[in-house]
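Got some structures for you, see below.
Here come two complexes built around subunit A, the first alongside subunit B, the second alongside subunit C.
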Partner chain A sequence: MPWDLIIFYMVATICVLCAVGVVASNNPVHAAIFLVLSFFNVAAIFVMLGAEFLAVVQVIVYTGAILVLMLFVLMLVDPDDLPEFHAARPVQRYVGVLLGAILLLEVGVAIIDRTVTGIPGTASREAVDVVGGNTQALGRTLYTEYLLPFEIVSLVLTVGVIGAIVLAMPERLGERIANRRGTISLGHPRGTDFALPVGPLEESPIPGSARDEAVMAGPQEFGRELVMVRDAEEQPVVDLRR
Partner chain B sequence: MNEIGSEHFLFLSAALFIIGMMGVLVRRNVLIIFMCVELMVTAANISLVAFGWELDSLSGQSFAIFTIAVAAAEAAVGLAIVVALSRRVKGAVDIDEARSLRD
Partner chain C sequence: MENNQPLWLTFIVAFILMNVLLVGMAYMTWFERKVIAAFQDRLGPTRTGPHGLLQPLADGIKLLGKEDLIPGAADKRVFYFAPLIVFVTAIVGVAVIPFGGVIHLFGQDINLFVTDVNVGALFILAFSSIGVYGIILGAYASANRYSLLGGLRSAAQVVSYEIILGLSLVGIFILSGSLSLRDILARQQDTLSIGGFEISNWYILSQPLAFIIFLIAAVAETNRAPFDLPEAETELVSGFHTEYSAFRFSFYFLGEYISMIVVSLFASTLFLGGTGGPGSGEYWGLGILYLLLKTVLFLFFYVWLRATLPRFRYDQLMGIAWKVLLPLALLNIVITAFIRLYANDQIPSSWWRTIVAILAVVLLAMVYQAYAAGRAERRTAAG
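Showing the complex of A and B:
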């Protein structure tokens, strides 16, 4: 048995076992760790297939970015929901396993029976080595033959990121911005009143500034006084609860 | 390095895909289902690269890169949906609890 076949079987076995662990583990954190292991082995498979650049991308994007994102979300959701197994109803479970077995049988027959009809391409191992390696050859292909799909994929990523921000933004953040009265201005005579609590303006306690203290130093026996002013800036601010 | 037949890689791809599919069908935790979808995407990637390797073509690897990019966008949007759901619905990690898209 040649060595590369032994290595392939080793890597593939670990990969499949870790995939089973993802499906079967109780704790989603354990499932995520199994997924990391499985993806590392997939990267090894990519190296065996001569796709070194893709192996690196697999490690950086999947195990680096997506799994970290997933662990962050695991920390954000309610911890009471996490540890249970959350399996489906028994009928659904049996149907799922049965469908999987049937599909495995079909695909196995298809793989054994297949014949290669495509025309072999120009990227043989020698041709790739002439260009300088897998990364260089793949870069040439991406930026010549697949330039338009490449740009479209960048657009898809941008839209995806914006959509993710919009979806995950707390609703209360928007409300808080919409309910903010007053202005944020350091030169305002009342000072900065951006720290007002949410609610009607009349009920909000406003910290008195020097001018308000001068107003309050006057006669204290008025009740609710009608103040006629031309615009809102002139209105003396009086804390009636004092 | 000796040549390994590409059937090996295709069988590995099929096995990973079917394990992922079974996970989607069997589990109810939305995060596990998400990981299983990623597993299926990766299985498809292995298949693409294996066919490209068999035919001496770089198209398979190019498409695999596009697939990884789209899977990253999908992961961002999907996890954002999970976060938004878990804020509104109690126990939204269980997909049977979240039945409708609006309250």
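Showing the complex of A and C:
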């Protein structure tokens, strides 16, 4: 068996196994690690197909940025605060299976179509070599033939960025803190960082100066007692709504 | 130019390169301690061997002999492999650095590089972005709040600075028309004549702004002082590697120093003409020597920064990235693209040339306006 075929099967097997791992693992962080491995192996397959640029972009964008942010969020949230990882609602399960099946069908049709008709795609090795390489070919296609979709995608992303900024606007920060139920603070036992009544600063029930005095007076005015614990888990979860 | 050498020869080159890198890393720690000692009017290591030259060896043996502790609450499998990610991704980057062309030795044609990927520059960026997983996962697996905070800082920092690192190189890609480090190197061997002087066309001359941005972003990307917030000793008790000991810790240590060396090699190749220098065309050994000298220059700069500057505050770190470096990098790309269009006569008529020139001036004025407005706003806010 030629070497590249052996390597391909190795990479493809790892890729599929990791994809199964994403769905099957109980720990969300482990699922994210499997997803990283899966993406990385897909990038390896891109390299074997001669699409080095695509492979590198896959690694930089998906594994290097998007999944890092995903892990970032997963690590910020206490696993106990998450809804149970595999407890999807029936509707979600059915929709998930349906979408997966449609995607599989699409890819399958695309592959079988080429195999049955026997017509190679326009991006053959020769066509790519004419323009000077894979990167150049991709760039030309993207900025001529697909210019409009490309620009629309960039517009959508810009809207997304602006939307994120609007959601995180400082004016609404006080309100959001007031509505917060649990805590994601990492330095304190759960629940204990809510010693002071918090609310939108302007609408605080206590006038500004009085509130400042209360803060200066120490936690016994408004807060709960200090509990000495050896680690975070020892402290019983305090229900803040009472 | 391209030489299809047998696979075993590539393996030997890679093996030699890896070992040289590991020894280089060991002596990088010695170099750093000596230089910082000189900055602080001390002597540094002196006891082990002449001038303390055996100190790295002693440190290595010490680290091997220590107890390998694993916290009880740790996610054990992740805890085991996280340091290896940092180490491996740091070392892989060196594979695309060209140490010269093809040489003839022992009756074989040997490439002085491991591989010539046609996206070499992005390859290094990609692996440095994978390296952050070692830090994040190590931090997560330690089950320690300080580690987790270090890991979170590292994730945000590396993702931000990666963008700047990539954008600062776009100017070079526009000028050289290639992403391959060998092509970029070859383009820098051309000579420019300015007022009768013949000088090499190093990209530091045509891309000075990009060079400065790259330098700053590279320091942040390798988590070095003054941007070493993920391991800030004073706040986070070493951050992500608090729980790591013995040889597992040393993998983080190795990874950090190797990625410093690789980034320095990368910067020398991109901006300082890599192996270029007088006489390097005839003697390949001289080319390697020039490359190493330039690399040592960058490494000294790294140590210099650590010895001189205090650590940044976290919001300052992010502010510099998004409010200063990113706009500057974008400006650099726009200016480079305009100049390239002019130089290549790719703008058809003189009318268009005028319009493009006016647009460029208007754009620059707008950038300056925004900068001045922000400055005035900060002034009023401050006082």
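Things worth noting here:
Going forward, the second predicted complex is superposed on the first by the 121 of 242 C-alpha atoms of A that agree within 3 Å, B and C clash if a C-alpha of one lies under 4 Å from a C-alpha of the other, contacts with A are read in each partner's own complex, and residues count from 1 in each chain.
Basically, a contact is a pair of C-beta atoms (placed from the backbone, for glycine too) under 8 Å apart; a residue touches a chain by one contact, two chains touch by 3 or more.
Remember, it's a predicted structure, so these values are computed and weren't measured experimentally.
Applying the stated contact rule after C-alpha superposition, one finds that A:75 touches subunit C and leaves subunit B untouched. Look at A:37: by the touch rule set out above, it reaches neither subunit B nor subunit C.
In the superposed pair of complexes, A:163 makes contact with subunit B only, with no contact to subunit C.
In the superposed pair of complexes, A:64 makes contact with subunit C only, with no contact to subunit B. Looking at the shared chain after the overlay, A:131 reaches neither subunit B nor subunit C.
By the document's definition of touching, of the two partners only subunit C reaches A:56; subunit B does not.
Counted by residues of subunit A touched, the larger count belongs to B, out of subunit B and subunit C.
On subunit A, the patch touched by subunit B and the patch touched by subunit C overlap at residues 53, 57, 65, 69, 72, 76, 134. Every residue of subunit B that touches subunit A in the complex is listed here, in rising order: 1-2, 4, 7-12, 14-23, 25-29, 31-32, 34-36, 38-39, 42, 45-46, 49-50, 52-59, 61-62, 64-66, 68-77, 79-84, 86-87, 90-94. The touching residues of subunit A, when paired with subunit B in their complex, are 2, 4-5, 8, 12, 15-16, 19-20, 22-23, 28, 31-32, 35, 38-39, 42, 45-46, 48-51, 53-54, 57-58, 61-62, 65-66, 69-70, 72-74, 76-78, 80-82, 84, 86-88, 92-93, 95-97, 99-100, 103-104, 107-108, 111-112, 116, 118-125, 127, 134, 137-138, 141-142, 145-146, 149-150, 153-154, 156-157, 159-161, 163-165, 167-168, 170-171.
In the complex of the two chains, the subunit A residues touching subunit C come out as 27, 29-30, 33, 36, 40, 52-53, 56-57, 59-60, 63-65, 68-69, 71-72, 75-76, 133-135, 186-187, 232. By the touch criterion stated above, subunit C contacts subunit A in their complex at residues 75, 78, 117-119, 122-123, 125-127, 129-130, 132-133, 136-137, 139-140, 145, 148-149, 151-152, 155-156, 158-159, 162, 166, 179.
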